[in-house]
């Protein structure tokens, strides 16, 4: 069975991106170089090595310097280095047919480069921060090899010939194609990575050693200052690349970058000052707010007697006015009635978020009475005698605002008093991991387009299960989901979220959004659903 | 005196060593490590990482290794920039930080001291009030506000300077001004108060009474004696300014080293914390030593040895 | 010359002719002179005002620093209002909320946005029986450029394009923050924290800094070297590291842990400054004289050396108050000190920074409070300097 790859997953709510991506036919005058200035919004990535990177700023660079089997743009999976692929009837063997393409040094790129890149990422000696992701790929032997328990040779990845790349899974994973477009799964060139002239990972920031296969190559890098990307003439679709030079600036103070953008010093801004957003949203067509696949929530410490009663947990969850919270930020973040954000299609193409509903959590202030009743049933009428507890968050202005609102809502709606406490990031993580808290802030972003990526964290024993939630029914639903595909997979996931929202070990607050400003001169910008910016088909329009 | 300063120099080296030691054990005793992430890395990966960076060795061994590195000026690899050594981090960022810092120091001394003197000489006249009002404002407005206003106004509204970076000479104006604002005001205020004090002293009165020219009275006698608190203040200030400011470098997006003072601790970037602390401490200790040398030059009566009484 | 030419002096007349002047102690004399110093008294009044503002004024407001009205967020202290119907005034916020306001500046309520046409920049608001159409496309949309006004409001009749007047915000005299909290009240409560911090910092500076610095300088030699090297160490260890360590070891016990953190490192600048002054003073003749007379060390330091260095001491003490206030906000950002929603002046100023472009007043009021406090302390300090300066002592 040979499939032609148009796994079109286009969602209606992604309209703003469509506007950005429109009008691709106009030709730009080639006389002058098309130069684009981009503020990355951070002080610079920790690394730009696909195998080592674990952060979104590095991901933004990598998605413009490298190209994997596929490219995912606005949810649509389009061919990258793989021209097409075959999938065995049992859904376990993927055979990718690669196009003949070249590295930025002019040498040919083959299936062996993919094998090298992927195995390097799995190898525990590489110590990739994203090694855990292999658990979700279902690739035979990959998780074990990453844990140092199996040999790399036994991983189900191989080059059949120079242009045929084969991957064997232990159970089906419908999301495999879109997952493989993620920056972790890029091919890398061995001679560049293992170049004698530099420490491990140094190759990715030294322009003279750096070799990539994407639309752009790295030509300069200043620690903490910025970097330059130039069009890669050897990119297989180089004639579609409309930008000649991208000057990436590391500006991590949003107000500085915003001023620079207004003064015309920047064309694209990845970090918009929050206070300006409500006004920009109304006035400025250059402003975009797009969903980011993640959820902001609060963890209950389920080991405490105080939160043992699910009525108490639900009362606390129902008494929050999520609309009011999201309106304060005014940047389009979505009130959360469940754990799965919008943008995840199920097997019928329905949006998981819409289909799942809100489990009786009203998104505004209409379930306050229900909350009061639940609290009274649990033995605390009008919050009487409810022990005082601490709501903990890591230091940040945004987290503080939300905590202050929630504190006030509990006080006025339930008569419950809590105190707020903030901790420095690393200290907070330690506190949360040790379970030394009552209610603590949490947030989770997924790295692949399947609800598994989010719901899996609440399985008993998962490292990220901060509330220490343990419901055998939930665990088994999740086990079913990870072993199945299609309808079975999604039925199990719907069931799992039902259980989660009924037990309420967490209070979902909202789903994240990503905001940016893009100059009208810059057209054809796109972005993956996972949030990486993609300038591979962008171009400049001169007025 | 020379033997005193030689002794002081040896003590200074001991001080740097002690600072490095205290910092080393403090940073290892706070929660979190260089590989603390929102998503904790799997145990095996953590083990490999710790092994790779020698963090699995006993603390005293790490300490020994670190001190050895310190003596040879090898600060090790950075934890927050993969593939970059801390030496690279410093040698890339420090020249920029130091350039901005040197200009700021120059501005502080060249403007702060003269306006302080003028203000003292014109005590209770409009110019004095103006200077003191500005100085009050200068210490009240924190540098982060000053920097933001400078960018908003001079880069955004007027377009006189670039909003970020250090690419042209104009781009130095903002950071230098924001960096020097507080200390400039402090120095002006300190100079004025110290000058007023000295001008009341008998020897100044005597000098004036003896018909010495006003300029020579002020230049030769008053300023020389009034300068001591300014020297004391400027010593550590120069060390702080030359090693950069976290706030200013962040706001102006200057690729210097100042931002590492806070970032390295947040990231638990052990090697960078140590390097930046040792760098600052060395600067500081040297400046403090120079301050004492300056005391001896300005006021030859000053003795540092123990009194024999 | 015989005895008759002499008469005995009557003791009573002697008393009259040469009234014995009550001998004043150093401190009594200082207070006497301070009272005559006008700027100093103005400064003292300023300090008292700030203390009353922080500790007494909140008792007279019914609003708490934590009360939120999210509908009324980010309102400036001065409102430009439009009269869209007879005696019906509205105020449009920067984030396009429409509020009904009384003609005198009281906030009456919020109108719901019932329709929004983002393309044509037309929003419709309603309060239940009155619908208002806001057109904010002027100077934004191509066809409406170069318009003399930015907004127009329409209720059935003609477009209202010019504001009726500017009024002071009576509900939020200093404006509201992003959660609709009363900034004036928040600045009042913030005074409690920031004044405590300013006070503690000054006391620590005076007690530890001055004593430490003068002792080191007076003793000289090895004592001086070792004492000052301790200062060097305290000064060079990164503050963040130190604060995190305290947080982990002691936990956050509110303002007290903050004061410990701040107090234990804050005196080093003062210590160095005093040492420098004393080093130069102790070689002067009057100290040599005191020493020759066998005056006790403690008395030499506190009666002779410190009073003579009082100028730079007081100037630095007052100049370091704002630094202390902002250091407090940095420390509480890391996680020590009072917890939200209570906020010090430094924290209020810090939080206002992100919205500086749109809501500058949120930064203005806490900054004004800090500046006013510093200026008051400064003027008081100047007077104190003159009062305490032994060279200016008369009689």
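Read from first to last, the chains carry the letters A, B and C; within each, the first residue is number 1.
One rule holds for everything that comes next: a contact is a pair of C-beta atoms (placed from the backbone, for glycine too) under 8 Å apart; a residue touches a chain by one contact, two chains touch by 3 or more.
All of these numbers come straight from a predicted model, not from anything done at the bench.
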item: Neighbouring chains common to subunit A and subunit B, by label; value: C
item: B-C compared against A-C, more contacting pairs; value: B-C
item: Cα-centroid distance, subunit A relative to subunit B, in whole angstrom; value: 40
item: For subunit B paired with subunit C, centre-to-centre distance based on mean C-alpha positions, whole Å; value: 25
item: Centre-to-centre distance between subunit C and subunit A (centres being mean Cα positions), rounded to whole Å; value: 43
item: Junction residues of subunit B, two or more chains touched; value: 30-31, 148, 152, 266
item: Residue numbers of subunit C (touch at least two other chains); value: 244, 248, 353, 356-357
item: Contacts with 2+ other chains: residues of subunit A; value: 255, 424, 427
item: Subunit B-facing residues of subunit A, complex; value: 43-44, 46-47, 49, 52, 54, 124-125, 127-129, 131-132, 146-148, 198-205, 222-226, 249-253, 255-257, 259-260, 262-263, 265, 424-427, 429-431, 433, 443, 463-464
item: List of subunit B residues in touch with subunit C within their complex; value: 7-8, 11-12, 14-15, 18-19, 22-23, 26-27, 29-31, 136-137, 139-142, 144-145, 148-149, 152, 182, 185-186, 189-190, 193-194, 196-197, 200-201, 225, 228-229, 231-233, 235-236, 261-262, 265-266, 273, 276-277, 280-281, 284-285, 288, 291, 295, 299, 301-307, 309
item: Sites on subunit A touched by subunit C in the complex; value: 254-255, 258, 273-276, 278-279, 282-283, 324, 327-328, 330, 395, 397, 400-401, 403-405, 407-408, 419-424, 427
item: Sites on subunit C touched by subunit A in the complex; value: 66-68, 70, 73, 94-96, 118, 121, 123, 136, 140, 178-179, 244, 247-248, 252, 333-335, 339-341, 351, 353-359
item: Residue ranges of subunit C touching subunit B (in the complex, touch as defined); value: 219-225, 228-229, 232-233, 235-238, 240-242, 244-245, 248, 269, 272-273, 275-277, 279-280, 283-284, 291, 311-312, 314-316, 319, 322-323, 326, 349-350, 353, 356-357, 363, 367, 370-371, 374-375, 378, 385, 389, 391-392
